[in-house]
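Think of it as A, B, C and D in the order they're written, each chain with its own count starting at 1.
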Amino acid sequence: MRVLLPLPIVLPLLAAGLSLALYRHVRLQRALGITVLGAVLAASVALLVEADTTGAVTTQVGGWPAPVGITLVADRFAALVLVVSEAMLLAVLVYAIGHPGTRDHAGVFHPVYLVLAAGVAGSFLTGDLFNLFVSFEVMLTASYVLLTLGGARDQVRTAMTYVVVSLLASTLFVTAVALIYAATGTVNMADLSVRLAELDPATRQALGLLLLVVFGVKAAIFPLFFWLPDSYPTAPTPVTAIFAGLLTKVGVYAIIRSQTLLFPSDGPSTLILFIAGATMLVGVLGAIAQNDIKRILSFHIISQIGYMVMGLGLFTVAGLAGAVFYILHHIVVKTTLFLVGGLVEHRAGSGSLRHVTGLLHRTPLLAVLFLVPALSLAGLPPFSGFAAKLALVQAGMDADRFLVVGVSLVVSLLTLFSMTKIWAGVFWGRPSSVARAGAGAGAARVPLMTGATALLAAGSIAIALAAGPVYDISRRAAADLLTPAILVDKVLPR
Amino acid sequence: MTPERSLILHRAVEVVFPIALVFAVFLLFAGHNAPGGGFVGGLVAGAAFVLRYVDGGSTEVRRAARVHPETLVGTGMAMAAITGAVGWLGGGSFLESRKLSIDLPLLGTAKTTTSLPFDIGVMLVVVGLVVMILRTLGSESHK
Amino acid sequence: MIVLLAVTVGALYAAGVYLLLQRTLTRIVIGLAVLAHGANLLLLLAGGRAGRAPIVDGEAGRVADPLPQALALTAIVIAFGVSAFLLALAHRSRRQTHDDIVQDDVEDRRIARMARGETHR
Amino acid sequence: MLILILLHALAALTALALGRRLGPRVFLVAALAPLVSVGLLAGRAPGVLDGRPVDEALRWAPSLGLVAAFRLDGFALLVGGLVAGIGVLVMVYASAYFHRGPAVGRAAALLVAFAGAMLGIVLADDLLLIYVFWELTSITSYLLIGIEDQKGSARAAALHALLVTGGGGLAMLGGFVLLGQEAGTYRLSEILAAPPSGGLVGPALALILVGAFTKSAQFPFHGWLPGAMSAPTPISAYLHSATMVKAGVYLIARLAPAFAAAVAFWRPTVVLVGLATMLLGGWRALRETDLKLLLAYGTVSQLGFMTTLFGVGLPEWTFAGAAILLTHALFKAALFMVVGIVDHQAGTRDLRHLGVLWRALPMTAAVAVVAAASMAGLPLLATFPAKEFAFEAALHGGLGRLDPVLAVGLVGGSALTAAYAFRFAWGAFIGGRGAQPTTAKPPARALLGPALVLSALSIALGVAPVLADKVVAPAAQALHADASGLHLALWHGITSALVASAIAVGVGVVLFVRRYAVVRLQRRLQVLPPASAVYARAIERLLHGADLVTGFVQNGSLPIYLGVILLTAVMLPAAHLVAGGSLPQQWVVAETPMQALVTVLTIGAAIGTAVAARRFVAVLFLGGVGYGVAVLFVIQGAPDLALTQFLVETLALVIFVLVLRHLPERFGGSPSRRSHVLRLAVAGIVGVFVTAFALVAAAARTGESVSEEFLARSLPEAGGRNVVNVILVDFRAIDTLGEITVLGVAALGVAALVRTKVDDDT
């Protein structure tokens, strides 16, 4: 199994190089992308099985023992998130093959998409703080290029905000790594787990909070989220969808990983719970104020991040299990919603609630495809979002944190309100006679796009049906997170 | 391209360019034991192309580097990744270095490790990036 | 840690931040570059006092910590690549709008106006 | 029992698929699911009525407490039978009511899906499972109210219903989780058998009551129900009179026996809310001229009645509640169907345009009159013995200060009910002021048949209450173990309850006769804003609030975004640093004079970049900073780093020049003085923070760094003397791999940005 561990990082990188060389052979690029991501998905599943049996799979890159070489770790949490992410990457790639916006720039899209996949996998699997920085950069650089795919004026304008904010966050990340190294003399996370615990609490907490801010920018938590709704909606749909599903979750992952592995002695945290509540509220209010599908959905990303952070703030097994479950569900649901948003734009020529109405009468299937993830997002039963929210509500009540539970329930209602705004605006009403999308629309392959979307919607239902086993493994993952010693013992030679 | 281009500069660059490239390769090889390495080597080679650019704009760069920069970048990335995979395929872990001995003409047998081809990959990518920038941002066609 | 160097790092951060908080993309890029210099210097300082270059040559004496140097080198090169991209973005923005001013987000401004009651839905 | 729910789901999918082909007949296909349910329930009935409930459980996510546990007891049998039985009738009715159209398949699918969900609520024996089905009914109700989605009013009404009932549902979920945690189980039967008494039970029940009140349209949440009448009549008949709105009542009925006495606020709250709703609904129903709205307010009133009865939580009361629940479903569904027929055949349902319909539609009128008479509580009809029972309980007393309130309230509410029942029957069918000769054609058999069945049942149960007793008594016993011995009877003798009934009907007659005076009085008495206006204002506030908050935090300006990020990054850690960080013991200002000199120059260059007004000058200063830092690297003992820094800086300068040559020489725009000061302040804060943090962090170091290992292993194990290079290409080669990937992608991105044609060039 150890042998498989670098695969999700290395295979896409190799394939990206190859894909770059196949610049003019779009078909080969597609086949390569699908094959590689399929293989990586298989490898991830194998890793998950192994991680769940043995607790964690670890390997030392280059064969150098722990603090010297870089550690790769797939514990239950990492493996779970990895599997879901790779499945999304694969599904969205299928969608992208049918999507006109990405078809027009296939030569750039395919290699860079693979690099993004490598960066995401690297961020999940690395056990080294500086390598996490590098993985982030790999992922982010790829995201810059994907965000500006096509180079339209809007994209360039919003990409400036996105790139500058990301660069500032990266600089802060380097700052944090430098300060942590100054205080501890290591960057290996397992090693850090030991050494940070020996620091005086004030310095340790200051370092922990700086890192929280760094990852918080990527995760788009309050008050660091503004860049997201401005930049995401302008990219081509598949790009927005995969950003929405994965990138912020990488940030959340890093927050959870760092706070549990590096700074476990400082939680549970009222500050984090406050951030969680504020993130939920501000995000959903932002969504209510919007009038464009993709912008509404973008604000919901923020709002939903609040739920995941809430699980961390509780800092109990139940809370973290809820957070893990929420992440898994949300990756699927959010990606689906954006893909549906793209299909709406394709069918109606616009994603604005002011221009599109009555789609239900033209494409009932699309309406169903929207309804499933939308209700799931609002946490309504019997969809996956319900189980996820239930887990968090239970955990919150268990920990006597009633205020944040109350906020989470109110936000749930507001989310529902905002979803009905899309539903009533776009799907209900007299069918609008807007022309189909203009340039490049003819090149679209709608069955491919719809198929990928339907598959993901089915995935959301599958998570709901399998809520029992999924929650159980989330719970085991959460228990691991709260006992960092397990991981430390596996990584550091004794 | 530029009509008023300086002949002296042109001659100077013609002389310096190959020297700089050789120096870059030297830095690459020396890197494992003395200051240098793939990055530094690549940057020096990149600087050499900058000189060509100063001399004759992006056309001159195009003439100096016949290969597409995409190819340089792609080859470099693939080279580094494949080097990493060698140890892995041999049953070790990924990026595990292996000892190599290469017979070089004039210099005799050099003992090194698989990190050398890795470093060469690094160098190619850096050179590729610089050439790419010179050929795109440096191009005059987008006034 | 050497106080003067720490102060230099602080000064670089301050100058970088000052440049960053403006609307001209050129200044923002310069600001980010100054910040990056500060961060790299900080990384090096994290290794402790100065020493001989970390090259194994059998001589005795204090050797500078090599790890931060390697990390800083990586950070420098990454920052270089990303800055190149950002400059290309500025280049394209210039071609599209003939300037490199970072504009406010259009939708955001509209909602803010609406909240102030200046326009209606 | 799970199989029944799944059957409904299957029927829904089938209806969706066949809607286009079958047209309205698709409802008959959909009716199969409730029909099978009726059969199945009837098959289980003998055992259940004997007091042997049927249990069934399927583990869904047990560690989350999600267990699909079902339990069919007497009460579930009563309500479930109503849900399924009326479901069949409504579907038959709908097959004649709807015209062929694209929405037919959707309507049938949603209706049968709803029936399944409703059955789920009734059969579920698990709090969380109840919530699951509860919200499913909210969603299907939303989609059904809005089925005529081209009408703006339908969309708005659907949203109103969803927000109120969905919101209540969320409160209820909170309550369920609290209650479940206090009890240690979510299994309803276990909780009721051994009610928990912890400190959180009170709040839990308060939240659950909010859910029940919203769903059952209790004051002050009742506003959504009249609005929901914009749905086609079969839907109103089924969801908004006979079934869904009873979900809240159902829940109260389940919980009251265990908690009404134990939780102090339960009885007064539920009773007062119920009575208020009963009176308010009846009062409003007296005024409406739209027959459907009249019935809707009547439903609100009757729901208040049932809430009151069940809310008391004592056996007699519960028994009366169960009886009313049954009879109300019979007459109210029939009345709605009749309104649909009138609307369908006469083209209007406005009392002002209707009258003497018995001539044109004799059978319909007969059905209507019987149902209305049952509603009014006249003898020999089903509601009469039930209401008698309720009055009996009310006059029996034993609830302290609530006794007089209950007695007066129930009689008053019944009087109002009688009044609007008369108004309904008289105004449209018997007399009627409009007296417009209507040319209505007789309705189709499938339209009238179901209403006929229901009215016939009203008569049968009225004449022979013992029939009703067969199901009502086991239902009450399922809720209250000690409810045995209570029975419905046709004639109790001349009791105080009979007198109360007579008073109620008598006052009802007076109110009916003086109906115009009542309407005038109503107009004068309107003090409270209508519930729908309150809702509308709340939504407007919410929208405006969302705009305000979003306009404030999401202001679209990059400098502000960056400023907030930076300040957050400083403030959060700074609090801890100031509180407990310690500065180093030994201070080394500088190691060599050279170092001091270079730092000064570097700082100078940094200031230069900040103040330069020309782009090129700023870039040159930036170069100065870069070279200065490179020299510092050399002094520090990092030749590789310095070399790289020199070269990168040079190349960066070149790129800057390449881009800047197209831009104006000077920076444009001069920002305001205030923003200038603000920027300086943020810059200063960040600078001081980083310096301080660096010193504190370095002072906190206790052990050696891991680099000892690198120095030791570099030559012997990795074969290189230059440790930095060995780290880059060997120890940490995967970093380097990532790094060149960044370079490669950046190169690709630069090429894409520069080479892609600029379409919208201005």
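Here is the rule we go by: contacts are C-beta pairs under 8 Å (C-beta built on N, C-alpha and C of every residue); 3 or more make two chains touch, one makes a residue touch a chain.
Every value quoted in this text rests on a predicted model; they were computed, and no experiment measured them.
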Study note, to complete from the structure: Using only protein Cα atoms, the chain sitting most centrally is A
Review point. Any idea whether A-B or A-D has more C-beta pairs in contact?
Key: A-D
**Study point:** Averaged-CA centre spacing for the pair chain B and chain A, given as whole angstrom
**Key:** 37
**Study point:** Distance between the centres, which are taken as Cα means, of chain C and chain B, whole angstrom
**Key:** 26
Review point. Per the centroid of Cα atoms for each chain, what is the distance between chain A and chain C, given in Å?
Key: 26
Exercise for review: Pull out every residue in chain A that's touching 2 or more other chains.
Suggested key: 6, 13, 16-17, 20, 61-62, 130, 134, 137, 141, 144-145, 148, 151, 153, 156, 160-161, 164, 168, 175, 178-179, 181-182, 229-230, 289-290
Review point. At which residue positions does chain C touch at least two other chains?
Key: 1, 20, 28, 40, 42, 45-47, 53, 55, 67, 71, 73-74, 77-78, 81-82, 84-85, 87-92, 95-97, 102, 105, 107-108, 111, 114-115
Check your understanding: Where does chain D touch two or more other chains at once, residue-wise?
Key -> 547, 550-551, 554-556, 558, 562, 566, 639-640, 644, 648, 651, 655, 658-659, 662, 690, 694, 697-698, 705-707, 710, 721-722, 724, 728, 730, 732-737, 739, 741-750, 753-754, 758, 760
Review point. Looking at which chains touch which, would you call it a line, ring, star, complete or other?
Key: complete
Revision key, fill the gap. In their shared complex, chain A is touched by residues of chain D numbered 59-66, 102, 106, 128, 131-133, 135-136, 139, 142, 146, 149-150, 155, 158-159, 162-163, 166-167, 170-171, 173-174, 177-178, 181, 542-543, 545-547, 549-551, 553-556, 558, 561-562, 564-566, 568-569, 572-574, 576-577, 579-582, 690, 693-694, 696-698, 700-707, 709-710, 713, 730-735, 737-739, 741-742, 744-746, 748-749, 752-753, 756, 758-760
Review point. Tell me, which parts of chain D touch chain C in their complex?
Key: 544, 547-548, 550-552, 554-559, 562-563, 566, 584, 587-591, 595-596, 599, 602-603, 606-607, 609-610, 615, 618-619, 622, 625-626, 629, 632-633, 635-641, 644-645, 648, 651-652, 655-656, 658-660, 662-664, 667-669, 671, 678-680, 682-684, 686-691, 694-695, 697-699, 705-707, 710-711, 714-715, 721-724, 727-728, 732, 735-736, 739, 742-743, 745-747, 749-750, 753-754, 758, 760-762
Study note, to complete from the structure: Listed in rising order, chain A residues that touch chain B in their complex are 2-3, 6, 10, 13-14, 16-18, 20-21, 23, 59-63
Exercise for review: Going by the contact rule at the top, pick out the chain B residues touching chain C in the complex.
Suggested key: 33-35, 39, 126, 129, 133, 136-137, 142
Practice item. Name, in rising order, each residue of chain B that touches chain A in their complex. Key: 70-71, 73-75, 77-78, 81-82, 84-85, 87-88, 92-97
